[in-house]
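Heads up, the next two complexes both have chain A, just with different partners, chain B and then chain C.
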Partner chain A sequence: MFSDLSAQKEGSSLLCRPASEDQGPAVFERTSLAYSPSSERYGVGERSFSRQYAHIYAARLMQMRPLLSERAKEKWGSDVLIRKLCDLETGEQCCIVGTLFKRMELQPSILKEITHKKMKLPHNLLPQPARAKYISETDELILEDELQRIKLEGKIDKNKCVTGSVIAIYGAERNDGKFTVEDFCTADLPLQTARPSLSSDRFVLLASGLGLGSSRADSMLGLQLLVDMVTGQLGDLGEQSGAATISRVLLAGNLLSQSTQDKDASTKAKYLTKKTQAGSVEAIRLLDELLLQLVASVPVDVMPGQYDPTNYTLPQQPLHRCMFPLSSVYPTLQLASNPYQADIDGVRFLGTSGQNVCDIQRYSSMDSHVEILEETLRLRHLAPTAPDTLGCYPFYLKDPFILEECPHVYFSGNAPAFESKHIKGPDGQEVLLVTVPEFSSTQTACLINLRTLHCEPVSFSAFSADEDEESEMNISH
Partner chain B sequence: MDELYLDNIDEFVNDHDKIVTYKWLSLTLGIHVNTAKQMLFHYLDHKRKESSAQLHATYLVSGKFVDNGQTSHKVSVVREEQLEDVKAKMSLIVSVHVYSVQKALLKDSGPLYSVDYDAVKDNLKNCSKYSAIRCATAVPMSSLELQQAREMHRPPSPEPENKKPAMNGNGILASKPSAKPAKGIMGMFANKSTPKNQDSGREIKSEQKEDAPVVDAPKSRPAAKANPMMNFFGSQPAKKPEKNVKEEEAAQSSSTAAEKQRRSPQPEQKRGDVVAEPQKNTKNDSRSKNKRIEDSDSEEDKMEKKKRRRIKLPEPDSSDEDVIPDSPPQMETREASPSPKKEVEAVTHSYQGNSDGKIRKRRRVLKSRTFVDEEGCIVTEKGYESESYSETEDDFQPTKQALRDPFKASSSKDDEKKSQKKSSASANKGTKQASIMGFFQKK
Partner chain C sequence: MTTRRGLITDSFKVVKKARTAEKQEKTPSPPPSQNEDQTETIREEELQKLQQFDLDWRFGPCTGISRLERWERAKLHDLNPPEEIRELLQMCTDPEYSQSLWSEYPF
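Take a look at the complex of A and B:
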């Protein structure tokens, strides 16, 4: 644990008089690690939006079909019949492979919106109010392959499934044209390269949801404490030497707060907004200053999130260097894409800023972020709901969200709370799942120990006037 | 000397009524943070022993904290009164030290943040100088190194343009747009007056690279990409947008045209390019207008219309005549600079040279015809006429003619080029709001 590591040094406490001149102040060297980014697949070069989204699904199915056929053979015997939908015969037990589609009544549809406008219904009668979850009892599951689709029934939990996942189903077609599911399987985890064993403890700090530029500034001191701790200014000698083992900081999205996204600016009249500056301008300046403090002391990877000034569709491109004039002169600043993949000292990190997880949360009954993370890993796809409900670039040759290699650490940012879990794969893979909490509300970041692949939350707190009124019980948070 | 700091701190706390945090002290006195913490402790101790001074302190406590079975490392700033409480709650104390000393009792930790923020802001360059951790790689790069890093991004990226996109069509151009628009946009941010020269300077340099055949292609890209950015900066002088037209047209040339760009850059081309750079800005204004109005048009029509529209614009600039190169180099320049439109547009026009390979097409163009009617009055009428044109002609000669006689009615083949310009202008007039540049056209 980080605390144990830091507390080892006995003796020198800073509650004493300053030492004499000849004893120089202690300075620790930051441990540097081998780092190689591998997020090239998420870079989008030329952007042509003249293509339809159907190509992604075709590419996805084409790439996942052989994997699923293998898994099906492993699970249901090597003599199981794998049929295409067009070759199905009624009553025959077979396995079909295809993409799931969940028809949801409550799914926001642009056609409904247009109809509503055309019929000139009053505005307060919203046809599709924003909801936390769009699932309902009347949802239907349909399996689609290259040519046809078929309705599914049976032992498959439709509330847990999301559109866009490619699975293999074992069952039979009934007389009425529906397919009865007896069992199903997913592509499960891909192969993993072995993790090198490390000799000493090294840490990577993950934080997300810094929420700069918001009207509420309560989290700023917490953020300052985080920066001070990582840069080695805070704490005793023991803590500082512990902080020197933090070899990398990863900021997983939503560096700016949602309040910087001022939607009104586009609808307000120009003469009202002419002199006003966008909220994000000041926030980016704050971020630049914060990053400057960090990059002067530790390598930092910055991923964009939902509210950051970059493109909306996944994969989000890295934030532009010109926004960080102060910190981009340091080679330790790495502006990364979302999703993010890199090898830190042989440990493969893969993660997103949380948009994919939130989207699945909206369209399924799963609530726990870490559960959803596991599900995406088992489906072998980072964002199955893209492009259906999650904005995505129209790829056509290949779907870059399919996991080809299993990561050692799989994370998603901007979760409501910190959670971590170890899961094992069918071929001996071991993955640490981490949901990085939103710093602006929880004041918590995560420290991952690269040697043991164990994750520990670090929380920061300050005092405020209302704490006096709290009872003894509540003081801990 | 050792005790001097006590007086210093005393002065800050009592006389100036400041909140003295360890970080502020460290940055102000230029000492290591740990020394600052110890100094604060000493001062507090000293003052309290001496006189019962009204001093308050906040402490930093960090340690292991167990909460519902979840162990976490907790770092908190607490008031002196809460110190023992918080220490008791932790299962393992890692560090305790003085965070700040101040005269007044702080109810809220907000002021602590603002003190530190101001201190750091004033010392941005050496905020990590007094910390306890040194990072060997965290050395700011010199401007030369930065430039080199950016240059490194660019040459590899033109290569993939010649190959078919290997992946997804989003391909290997990943680094390219980021580097090039970065370059262009950085240039714009750096210095508005000189970016164009810088850009062109760099691009001229890069033109000379033999291994970057499509270097001309990316050249205009940064500027072209920078154009939407420049829109926000508003008033850029509207000079020489015609070069922009060339570059726009070049956008339509296919990658086979890119091969032609391999021709070694000639001095005229360089000059043309230098001139080309400033014009890119003007392209923005009209282009942005076009974009808004022409959203529903197909890409091809948009390209053509823009091409035509641009040609109309450079009338007021008399220096155009001087710098307009001859048509062969012009063609090369045009080929040489595909704009971002190229990626959107499936390029079908093949551009093989000056006089051959022109694709003749027929299209309906809004033209105005001037004639004398039965009453003896001169009437000007607008009407659609079909005419044939070719993509690949020189724009400059016809532009010049168009300058002089923008609305002369003519549909003969020799005046084809001229009419293309005119018709483009009138076509533009017909389909969208008259641009403010219309004032200059009447000359």
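Take a look at the complex of A and C:
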């Protein structure tokens, strides 16, 4: 554990006499790791939006069909009939493979909005404001393959399923044209290359939701404490040597706060907004200064999130280095895409800034972020709801969100709380799932030990203005 | 869309029907030699083959991408697209060959 490392050193040197002349100040070398980024598949070169989204669904089905046929044969016997929907016969037990579609009454539909406007319906029939969940009892599950679609009923929990997941279903077609589900299976985890065993403890720090540029500057002290801890300017020799084992920092999105996305400038009259700057300009300057302190001492990977100045559709492209004049000079600053994939000392990291998880949370009954993470891993797809309810680039050749290799650490940012879980796959894969909490509200970051693949939270709490009693500033592990 | 003042046919391209009518008008005028006739039929056949490739449901949607791109995608996902289509597409750079059946329409 990280806290044990710091506590092991003998005696506190903070309140001692300065060391003698010949001894010199203790210098700790930060462990440097082999790092190879592998996020090229999430880079979108030249962009053409004149395509329809049918291509990404077709590519997804083309890629997943052979994998699902394999899983179906493993689960229900190698002689199971795998049929296309057009070849189905009533009453015959068989397996079908296709993409799920969940028809939801409450799903916001642009057509309904336009109809309401055109017909000038009274106010109580106008579309409702944004809800936390769009599921209801009347939802229907439909399976689509290349040519047809069929309604599903039976032993499948429609509240847990989301549109866009590709699954294999075992059952039979009934007389009324619906398909009765007896069992279903997902593509499950892909193969994993074994990670090398490491000799010493090395840590990677994950943080997200820094929320710079907001009107409430509550988290600035916590943020500065975090930076000081990582750069070794906090604590005595024990803490400093502990901090030297933090070999990489990964910022998983939402570096800017939501309030910088204020669209007032476009709706207000020009004479009111003439001399004002966008909120994000000041926030990016703050971020640059913060990163400058970090990159001078430790390699940092910066992923964009929902409120950051980059494109809206997934995969989000890396933030541009012209926005970071001070920190981009350092080679330790890596501006990464969202989703992010890299090999850090042989341990494969894969993760997003949380948009995919939040979207699944809105359209299913699952609430726990770590449960949703596990579900996406079992479906072998990072963002099944893209492009239906989550913005996505219209790929045509391949669907880059399909997991081809199993990661060792799978994370998502901007979660309401820190959670971690170890899961095992059918072929011996072991994955650590981590939900990185939002720093601006929880003041918590996570440390992952690369040797043992354990994760622990690190929280920084400070004085709160409205407490009367003395409260200690503590850095708890 | 063009911004200059012009004919309606600048914004709305002439529909395909008119084009094939033009073609038919052209061929009977001076008596065509044997060779030209043959190349016409070969061209017709090749275009037919490419149109059948476009409409084949096994290789996914055909709108918005060129035929070669669609062929490459089918090859990548092991769907065994016919090799002769690839050869046809590589030989000819005519937009009628390389673009899909529906490329005239703004999908």
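What we mean here is this: the second predicted complex is superposed on the first by the 452 of 477 C-alpha atoms of A that agree within 3 Å, B and C clash if a C-alpha of one lies under 4 Å from a C-alpha of the other, contacts with A are read in each partner's own complex, and residues count from 1 in each chain.
Note that in this section contacts are C-beta pairs under 8 Å (C-beta built on N, C-alpha and C of every residue); 3 or more make two chains touch, one makes a residue touch a chain.
These numbers come from a predicted model, not from an experiment.
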May I ask you to decide whether A:Glu146 touches chain B, chain C, both, or neither, giving the answer as first, second, both or neither?
second
Looking at the overlay, does A:Leu397 come into contact with chain B only (first), chain C only (second), both, or neither?
both
Classify the contacts of A:Gln63 with the two partner chains as first (chain B alone), second (chain C alone), both, or neither.
second
Return first, second, both or neither, reflecting whether A:Ile448 touches chain B, chain C, both chains, or no partner chain.
neither
Taking the superposition as given, does A:Ser50 touch the first partner, chain B, the second, chain C, both, or neither?
both
With both complexes overlaid on chain A, does A:Leu377 touch chain B (first), chain C (second), both or neither?
neither
Answer with first, second, both or neither: which of chain B and chain C does A:Val249 touch in the superposed model?
neither
Let me test your reading of the model: by the given contact rule, A:Leu212 touches which partner, first (chain B), second (chain C), both or neither?
neither
Dominant toucher of chain A (residue count), chain B or chain C:
B
Quick check on my understanding: which residues of chain A belong to both its chain B contact set and its chain C contact set?
50-51, 396-398
What does chain B use to touch chain A in their complex?
2, 5, 22-23, 26, 31-35, 37-39, 41-42, 45, 58, 60, 62-65, 67, 70-79, 82, 85, 89, 92-98, 107-110, 112-113, 116-117, 120-121, 124, 127-128, 130-141, 146, 160, 165-178, 182, 185-186, 189, 299, 343-344
The chain A residues in contact with chain C across the complex are 50-52, 54-55, 58-59, 62-63, 66, 146-147, 396-398
Which bits of chain A are touching chain B when the two form their complex?
1-4, 6-7, 13-20, 25-30, 32, 40-41, 43-51, 217, 220-221, 224-225, 228-229, 231-244, 289, 292-293, 295-299, 317-318, 320-322, 325-326, 329-332, 393, 395-398, 400, 444, 447, 456-465, 475-477
Per the touch rule, the chain C residues reaching chain A in their complex are 57-58, 60-61, 63-65, 69, 72-73, 76-79, 107
